[in-house]
Amino acid sequence: MTETRRAAIVGGSGYTGGELIRILLNHPRIELVAVTSRSNEGRSVSKLHPNLRDKTELSFITPDELTAEFTDLDLLFTALPHGKSMELMENYLSISEKIVDLSGDFRLDSPDEYEYWYGEEHVAPELNEQFTYGLPELHRTKITDADYVASPGCTATAAIVPLYPIISELGEGIVRIAVDSKVGSSAGGAKVNPGSHHPERRGVVRSYMPTGHRHTAEMEQELGTKVSFSPHGVETVRGILSTIHVHYEEVPGLGDVWQALRKHYEDEHFVRFVNERKGLYRYPEPKLLNGTNTVEIGFELGQRDDRLVLMAAIDNLVKGAAGQAVQSANLSCGYEETAGLERTGLHPI
Amino acid sequence: MTETRRAAIVGGSGYTGGELIRILLNHPRIELVAVTSRSNEGRSVSKLHPNLRDKTELSFITPDELTAEFTDLDLLFTALPHGKSMELMENYLSISEKIVDLSGDFRLDSPDEYEYWYGEEHVAPELNEQFTYGLPELHRTKITDADYVASPGCTATAAIVPLYPIISELGEGIVRIAVDSKVGSSAGGAKVNPGSHHPERRGVVRSYMPTGHRHTAEMEQELGTKVSFSPHGVETVRGILSTIHVHYEEVPGLGDVWQALRKHYEDEHFVRFVNERKGLYRYPEPKLLNGTNTVEIGFELGQRDDRLVLMAAIDNLVKGAAGQAVQSANLSCGYEETAGLERTGLHPI
Amino acid sequence: MTETRRAAIVGGSGYTGGELIRILLNHPRIELVAVTSRSNEGRSVSKLHPNLRDKTELSFITPDELTAEFTDLDLLFTALPHGKSMELMENYLSISEKIVDLSGDFRLDSPDEYEYWYGEEHVAPELNEQFTYGLPELHRTKITDADYVASPGCTATAAIVPLYPIISELGEGIVRIAVDSKVGSSAGGAKVNPGSHHPERRGVVRSYMPTGHRHTAEMEQELGTKVSFSPHGVETVRGILSTIHVHYEEVPGLGDVWQALRKHYEDEHFVRFVNERKGLYRYPEPKLLNGTNTVEIGFELGQRDDRLVLMAAIDNLVKGAAGQAVQSANLSCGYEETAGLERTGLHPI
Amino acid sequence: MTETRRAAIVGGSGYTGGELIRILLNHPRIELVAVTSRSNEGRSVSKLHPNLRDKTELSFITPDELTAEFTDLDLLFTALPHGKSMELMENYLSISEKIVDLSGDFRLDSPDEYEYWYGEEHVAPELNEQFTYGLPELHRTKITDADYVASPGCTATAAIVPLYPIISELGEGIVRIAVDSKVGSSAGGAKVNPGSHHPERRGVVRSYMPTGHRHTAEMEQELGTKVSFSPHGVETVRGILSTIHVHYEEVPGLGDVWQALRKHYEDEHFVRFVNERKGLYRYPEPKLLNGTNTVEIGFELGQRDDRLVLMAAIDNLVKGAAGQAVQSANLSCGYEETAGLERTGLHPI
């Protein structure tokens, strides 16, 4: 099953939409045929995504034009705000065989959890059941078999990937887990707001929902344990670094941690262990990952305080959003998992 | 005892030295008479500290010129690298009545602890006993009575100040404490190194000694409890934000936390509580504190995960170094504690 | 005439307004009694200007409350958008004896010039005549005698101050003048807009009106010669660096340039010459001037291409706006010109 | 002639070397067989270039190992400091059929000019004659026929490319030309120095050699006219924006400028015109070009002051160095000019 598929993007004016376009334009098996944006109808896609000048002739269409007749789609990426996606999904199911949704709407197995964390009722619980959580490193087989994928949140990805092997293999004796994330400004989206005004946002180290952030729900669902999560806005555009303080009754040994990580990720193409004794980049560093689909994982052991410090870095718009969505689409379509996702990061940057 | 005193600075070429000079030049009661720098002998102070152009005619002298005859000092600030300070302190005691040391050498009560954290023997344990830990919000009376003050480390200040009231008043039931700090590049000092090279350092979120950092020792000494500490370099020059995850068996109530903070700091001139429901600056934000001696403290409660998230911000070179040193000197000299330390921060910045 | 005066600010919610408040709160002779902001009526001033927490109890009032009865004003700073100021000025003249206007409305002597550059008719030409252009280094005597001052634009200040002595003393043989400015994001004001969204604005080197910028009008008026002006947005919040390419038929000698600069500015408190052969800060550097009212001027001579390169740095919100306005107010009130404006910059920053 | 060629890099530890490695590892026709660095012998290439982790197994060899026997090279990139290259070139000519040199040593036709601008004698003038200036947009045919290419300087590229069509087609009546460049910190190289220390370098707008910069020599040679050049360090790692003030007796018309640009560059793959009436990116913006080989060119006309403002943006390490070197190598080898150089920039970034 390696024929080319026709794909479209709903909600292509935002940053995640822009990255989806960039990746799909370079994808060997996917032909991007339509991108919607209600407020930008008729405008050239490269007006909003100026990095795509000379790369595409596409113009935005309205979502209303996205009909089965018009587009003949195999694959649809929906990059809509939370709430909007579940409202409109029924229609999209009738248009495209396969769907990768990048909103938060179909990530949680339980509609009750959705209501708890998002503060509103889930309006399409029967569709919710049909979606698979799209974290390939954890659910490769299920995603391969799935037609509908709910792609994970960015900070959730940067917490679940490093924590999963630890909790699976060394979960006993864990006392508490605090995930302290540092996040670039693009995670707040393309929409202007007072907090994103450059004179205010530049150089901040800004606590954002130090308790009660929604992505906690995904972490706890995937990890099966309680997680304390506190994100911070820092001075970069792209990138997340998660520092994960895993407090143990008795901290595991170095070999145990390596064994757990290797068991799960030794052969993962998009996972890279970073643990150097020397040099400038001893631990995961998000800026090196700009534009790539890689997760860097590192760790350090605190014998004195029985703590394992896990560190993980990603590009929030790629492995944390568009890249991971394409990775899942590749699996679902029977393509090479890495198709369209091979890109070398830059240094210095 | 409010007469003017004659002061000097040993080690005035670094960033802390520069801030000491700036503050003392504006101090109503202190006359800065000499600043040493062995490698910059004879150079104008403002060549290294270009913000002081037009503000001072001082030139660096060598430490050897700093004799009792030459300077007739009342007050000496020693801003030397760790290890150097304890080596030379005997001499300085003979020159000046009062000393504020900004190195790590006299901060720890126990020479054994020093050896454990700094990896070398303490060479002046008998002098060590004579120094008082210079955190005025905790030890005002002792500092007022002291002639020799060991001024705290920057990340230690940003952890101890917010944690002290909590541990004093609400210490029971604490399971673990993780201090996750985000620190500007000036905390690494004025000396060039590969990690501070702009193309490498810009935009990083860099884990630095995620376990085993020396400032942990000060935190544990002052707080009387185990603390897990992980600093990170982030993209600012000045500023520290500490996010402190206090894990409880059962998290205290909102009123209890406010009561603890107010009991200790209600009347503290340099402590400011920041806890807004709206606006851009709901929690402590280091960039607003550039150049000021203020500690901002905020917090949020996690009912679901029994966690108190404390946040604290300071300027690492002022409240974290030079400003706090002058604050202690003011107490020791019988001056207004705030003398020379009133400066309004900038916004936007 | 050194008694204290009562002052108010119209339009206090923006960045210039905030800086005016900060400066006036620390002014020895001025009592700030009211700050208006229609959209923030009743809100505490420090909610919008969080650096002023603990520094003031003032709340915003509406402009309508600003009546002669209510405020009994001696001095009024109007920091309104262009166009608004000339519309409302008549009223303000009846409220306050002295007025410093920070808009562009009363800067140009000729209403025709206003119309040419601002694209709309000047609605109060008869008031316009009563205003003095508030650049103290050029017009000290006139400002001292004036009650109504139009404070210069930020990029205009950073061009006129360095160019004035050159054109006055060495104006002959100048072929062309290009002013190439690099400007921080705060110059765009406090209002959110798509271009100021952090993910877009960060790290740009953005040409903004490379020809036809309004501040050109002020430059040409004050300098009496044609000037080509091109500003750029760069990655800082505060600060302007003007690089001024003065093309000569035959470039003047080093001594001539020094003589011209010294003749005009040798005794100017807020002008500093920066021309070092060594060190990191050989030429003017805006970041060192954050929060100060200083203009740094440097230069270099190109013998080969008969060009004098003038460089000038200011803080756009202080010497480029609020600070210079207070400097003029000081003159007009008969105070020390430097009152409230002594602040040492920070290094590093 | 499209067979694969074996290539090596001399001087692979710097930033240009790193970019060469990155590009060559992704090149369809070039096999990178060796990279030298005397001080890093035996170290894995990815230790210095951490973006290449998982991308290469290469380790640095010493230059001494780079013999004809050992490497059997077709193509050699020399990325050595100025002065070093001309000293060692004789030897390299005996090792490799084709050479692309990235130093300044062979860029100037006249050894006298070299001596004037570089302050030292050219030690290999007879080799100098054999090198072709490697700016494909100007010298495509010559480079295609050449075996030895001297690749242009970064700021020279960002000035020559936009100016060449203007001077060729609309050169008459030009009075003066000032090239005012804004440059990221990576242009200063990978070597630590006081000026690149992050607390000093961050947020600067730093004039660097406002007169007399060496790259002027290349500009004047290629353009055949006098150019006034002033570079500035600004707060980015990568990227150059050149603002070029072309002063005319009488400025040409809009259509003339477009015609000149189109005549020369209409079909140039790596030249993109950027001139939008709306949107955030109306003019060239270097940050969008990170990692790409594109030159963006825009312009604006000043009728009032008879000035054409040209703007050009590049990534200094790609089109300004490694990318352009590979572009020339492609021509010389008979490959597609774009081979290995197709990379889409990122947005936001």
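For reference, chains read A, B, C and D in written order, and residue numbers begin at 1 within each chain.
Everything that follows uses one rule, which is that a residue touches a chain if its C-beta (ideal position, glycine included) is under 8 Å from a C-beta of that chain, and two chains touch if they have at least 3 such contacts.
Just so you know, these numbers come straight off a predicted model, no measurement behind them.
Q: In this assembly, which chains make contact with chain A and also with chain C?
A: Where chain A and chain C share a partner, that partner set is B, D.
Q: Name, by label, each chain that touches both members of the pair chain B and chain C.
A: Expected: A, D.
Q: Per the centroid of Cα atoms for each chain, what is the distance between chain B and chain D, given in Å?
A: 46
Q: List the centre-to-centre spacing of chain C and chain D in whole Å, with centres computed as mean CA coordinates.
A: Chain centres of chain C and chain D, defined by C-alpha means, are spaced 39 Å apart.
Q: Rounded to the nearest whole Å, what is the centre-to-centre distance of chain A and chain D, using the mean of the C-alpha atoms as each centre?
A: About 36 Å separates the centre of chain A from that of chain D.
Q: Identify all positions of chain D at which a residue touches two or more other chains, and write them in rising order.
A: Expected reply: 15, 186, 190, 194, 199, 203, 235, 237, 280, 285, 348-349.
Q: Which chain D residues qualify as touching chain B in the complex?
A: 15, 184-186, 188, 190, 192-194, 196-199, 201-203, 235, 237
Q: In the complex formed with chain D, which residues of chain A make contact?
A: Per the touch definition, chain A meets chain D at residues 15, 18, 22, 25-26, 47, 49-55, 186, 190, 237-238, 272, 274, 276, 279-281, 285, 288, 290-291, 344-349.
Q: Give the list of chain C residues in touch with chain D in this complex.
A: Listed in rising order, the residues are 175-176, 178, 180, 182, 194-195, 199-200, 203-207, 210-212, 226-228, 230, 232, 234-236, 239, 241, 243, 245, 247, 280, 282-287, 298, 300-302, 304-305, 307, 309, 311, 313, 348-349.
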